[in-house]
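The chains carry the letters A, B and C, assigned in the order they are written, with residues numbered from 1 in each.
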Amino acid sequence: MKKIVSAALAASLMSVPAWAESVKIGFVTTLTTGAAVIGNDMKNAVDLAVEHLGGEVAGLDIEVIYGDDGFAPETGKQVTDKLVKQDDVDFVAGYIWSHVLLASRKSVLDAGKFLISTNAGPSQMAGKLCDQNFFSTSWQNDQTPMAMGEVLNRQGVKSLYIMAPNYAAGKDMVAGVERTFKGEILGKDLTKWGADAQLDFSAELAKAKASGADGIFVFYPGAAGGAFIKQYQQAGLKDILPLYSVFTVDAISLPKLQEANFEAVLGSRTTQEWDPTLDNEANKKFVGDFKSKYGTYPSYYAAQSYDAIMMIADAVEAVDGDLSNKDGIRAAMKEADYGSVRGDYTYGNNNIPIQNFYLREVVKDGDGTWTTKVVETVFENHQDSFAAECSLN
Amino acid sequence: MRAGLTVLVMVALAVVPPLLYWYANPFYLDLASRLVILGIAAVSLNLILGYGGLVSFGHAAFLGLGAYAVGIPAHHWLYGGMDAIATTNGWVQIALAVGVSGLFAFLTGLVCLRTRGVYFIMITMAFAQMIYYLIVSIEEYGGDDGLVIDTRSELPFINLDDPLQLYFLGYVSLLVAMLLVRMIVHSRFGMVLQGAKGNEERMISLGYNIYAYRLVAYVISGAMAGYAGALLGNFTTFISPEMMDWSRSGELMFMVILGGFATNVGPVLGAVAFIVLEEVLSSWTIYWHLPFGLMLIGVVLFARGGLVGLFTGRGGKK
Amino acid sequence: MDLSLIVIQALNGVQLGLLLFLVASGLTLVFGILDFVNLAHAALYMVGAFVCASFTFFLGNFIWAVLAALPVVAFVGYLVERFVARPLYTRDHLDHVLATFGLILVIDTLVHMIWGPAGIAVPLPDWLRGQITLPGGIVVPSFRLLIIGAGLAAAGGLFWLVNHTRLGMLIRAGASNRTMVSALGIDIQMLFSLVFALGATLAGLAGMLIAPITEASMGMGNSIIITAFVVIIVGGIGSMKGAFIAALLIGLIDTLGRSFLDDLFKIVMSPAAAETSAPAVSAMLIYIIMALVLALRPQGLFPPKVR
């Protein structure tokens, strides 16, 4: 599982500090089980970022070592330990799943390394468990569903049925939409998750339909999202029970859904802090090169992973490659001026982005490929709800 | 010959990991600690599986229970609630681990041991799955997400935060577990247990209450695995229901068979081989389950005495 | 809680039960006749789903794909029998469990290597994509009715095969007395291979039927194999009738538990407590049933006749 990404380009453009010839980044994601489809997307984005950087920064080779969490917190912690102790990496980035990140955080932070989440955003780590060396290039879990709750209010949805998997992020998502949604919640199902997750939602969909709600809010990341959409269409709920989702319909599930022609997903709406159509230079380069290199639209997982590598490179550049200058690296990362593909954002006291959230709609692009486009901005410069619980300032 | 192998393996385990820790890479001590702790669990499984002929497919549940017996008191000690068990005292936690897993073994053993053959395999697994889902549902202890153990057990004279001391606690515990199983096997109790494996009717007609003998063995085995779980919790400082999944139970069985079942050192050798293989193969390719699975099939098909049989030229007692 | 919802959930339960039966019947056949514990049985369920998914895109039609995929799965089943199961018939159950555990790892990884980790969404023909309104205004997805129909047909065919054909007679004879069958001059090796391939086909069919609902995905077998074992243990290993009844029972209990347990719990406890405990209890429900059955009847509900 150890793959060294960049070859030696050290034919010295700058003076190489004697104590380190490369900057080592450990990247933990899911490379086995069905969820590996997300991990591969992230890995592609990281490889692209390294390629865009020319394989080096401040005279140091960029060396990315991938670790596979196997979709299990215990395994995730083991590979994190290995990256920290055996490979002695300078940064540990990645983490799709909240429970894997929660299990692994101590291994990284206790060793005095930087930890950068490129997806998971459990509420604890934005609040009480915040740390000066922990940064996020994604969001706190509650934020995206909070934006969706706001959208529901604006669209006059009065009652809602909620479905999510039964794990840390699932509960955060439910809490998030409940925080902003002002109508009535008519029912809620938390389904079995993990390596043998429940994928047949017949009983739950029947309940949702019988509840008579105005809409259904779901959170099903990865493969489960595709499965949900299909059953939603087969049950003929598109017109009866409009779908509002977060992290369910994305560049991972859309190609599969298009291939199997499940058109119920077209027009469905989802909130996110990033979209392939966002109009800035960094994003155009990222989306364009990603599409030409890998043949698909990048997902937000990919965008956040790409950002993390760029942020690390920017910080290493800022200290002229002196990796022992932790304070300098930290200060540079905190600036968040590396040119994120989502546009400018800032960091709050808990090192979680303060950023815009957009409403996106599933559409066909010019070539007929199913993708998303931005409909409107739901929140501007939105900060998560747990920042006040964090003792950093 | 077999005794020589045992001494060789145990001396190597005493010397090599600390040397690697000091001179090579601290990560190797992590592997070794995991190895000796899982070794204890494998030794305990060997007592009922190897000597008793009881194919338990739910042994990981005891391991998990033991780990939660460390995690839950530590959790309450830090965050309040349940004052009766809120403690970081290692003796209390270990007593809890051994007690709870022993009790669980007793209660499930009452039902399981009434069944035979494949029914026994499956019902032990079913009980392990029940515990799995029970833990998943308790949100206070993290449910599916698992529980981070913020403070390790506090024991007199031993500081478990020092990886070397933790390793040697595991190592000494493994030695004790092996001696204990050896004593049991050579006692009259052990003779009856092994006799019942070979010919149940004969032992019954001799007037032995096989059911009671097996139940006692099952409880001892479960309690030992619970103790290993307490060490495992201290080692990983993170526990999740996933560690009681049926595939984990399968891995423990594999260790016993790979090493050579119904032999004293077999389960330990099996644990060594298992951990080393897992490490080497998984750093080689993400498809490492393929060679791993093929090896598992190969061992079952062609190497019946396991590694012990290979080294000593004799198969395990069958 | 209105009546039509209960009817819909019962139909969902029957559908799950029939899928379970298709998997469990193969398990119980193989165990009853060959005395072989096959943990990797559900890997064939997964293989069925993937092969069918590929054929669906290749042939452009789901139904043709199922028909084309069935012999492929049967052949994979035969390979498993020939190279892993056959050398182990004389060994004990422990060896079966370990070898087939290894086989799960092998097949899972091969599927990962061949089809990638993403899983495949299987498209359905238009006439199966909609819904059907049953008497009483109950609307169900038509494909789920197809699953129920196909499951019942397969179950019926299997009972006919076992009870009214010469092959079935041999299978029944083999289940109760293996030496007698070989004494009759029957090629027992051939019979075993056939039984194994038949079991694989049934499991593969179940995988093909579920794929359009969820998708063909890695590890999909691991979530059903344990439940399938619960089914054959509750039903009595080796008993086809037991497997059928237990499968429907488990399917119904699981589905109804997921749908109505929280409402039931709300009667006796606070809504918040019900919301957290109901998913837990419904996940444990089938294991509780199994433990209860085994505590009362250690051989299951319909123990086969003594060998």
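Throughout what follows, contacts are C-beta pairs under 8 Å (C-beta built on N, C-alpha and C of every residue); 3 or more make two chains touch, one makes a residue touch a chain.
The shown structure was predicted, so the numbers you read here are calculated from the model rather than taken from an experiment.
Q: Using the contact definition from the top, classify how the chains connect: line, ring, star, complete or other.
A: complete
Q: Is the C-beta contact count larger for A-B or for B-C?
A: Counting C-beta pairs in contact for A-B and B-C gives the edge to B-C.
Q: Taking the mean of the C-alpha atoms as each chain's centre, how many Å separate chain A from chain B?
A: 37
Q: So, what's the distance in Å between the C-alpha centres of chain C and chain B?
A: The mean C-alpha positions of chain B and chain C differ by 32 Å.
Q: Quick one: which residues in chain B touch 2 or more of the other chains?
A: Each of 136, 289 in chain B touches at least two other chains.
Q: Quick one: which residues in chain C touch 2 or more of the other chains?
A: Expected reply: 112, 222, 279, 283.
Q: Note the residues in chain A that touch 2 or more other chains, in rising order.
A: 31-32, 166, 195
Q: What does chain B use to touch chain C in their complex?
A: Those in contact with chain C are residues 49, 55, 57, 111, 114-119, 121-123, 125-127, 129-130, 133-134, 136-139, 246-247, 250, 253-254, 257, 287, 289-290, 292-297, 299-301.
Q: In their shared complex, at which residues does chain A touch chain B?
A: Residues 1-2, 31-32, 68, 72-74, 77-78, 81-82, 85-86, 98-99, 102-103, 106, 166-168, 193-195 of chain A touch chain B in their complex.
Q: In the complex, go through chain C and note every residue touching chain A.
A: Result: residues 2, 4-5, 8-9, 12, 15-16, 57, 112, 116-124, 129-131, 139, 141, 143-144, 210, 212-215, 217-220, 222-223, 255, 258-259, 275, 279, 283 of chain C touch chain A.
Q: Can you tell me which positions in chain C touch chain B when the two form their complex?
A: Chain C reaches chain B through residues 31, 37, 84, 87-88, 91, 93-95, 97-99, 101-106, 108-110, 112-113, 222, 226, 229-230, 233, 237, 276-277, 279-281, 283-284, 287-288, 290-291, 294-295, 298-300.
Q: Mind pulling up the chain A residues that touch chain C in the complex?
A: Answer in residue numbers: 31-37, 39-40, 166, 188, 190-192, 195-200, 202-204, 206-207, 210, 223, 226-227, 230-231, 233-236, 252, 256-257, 259-262.
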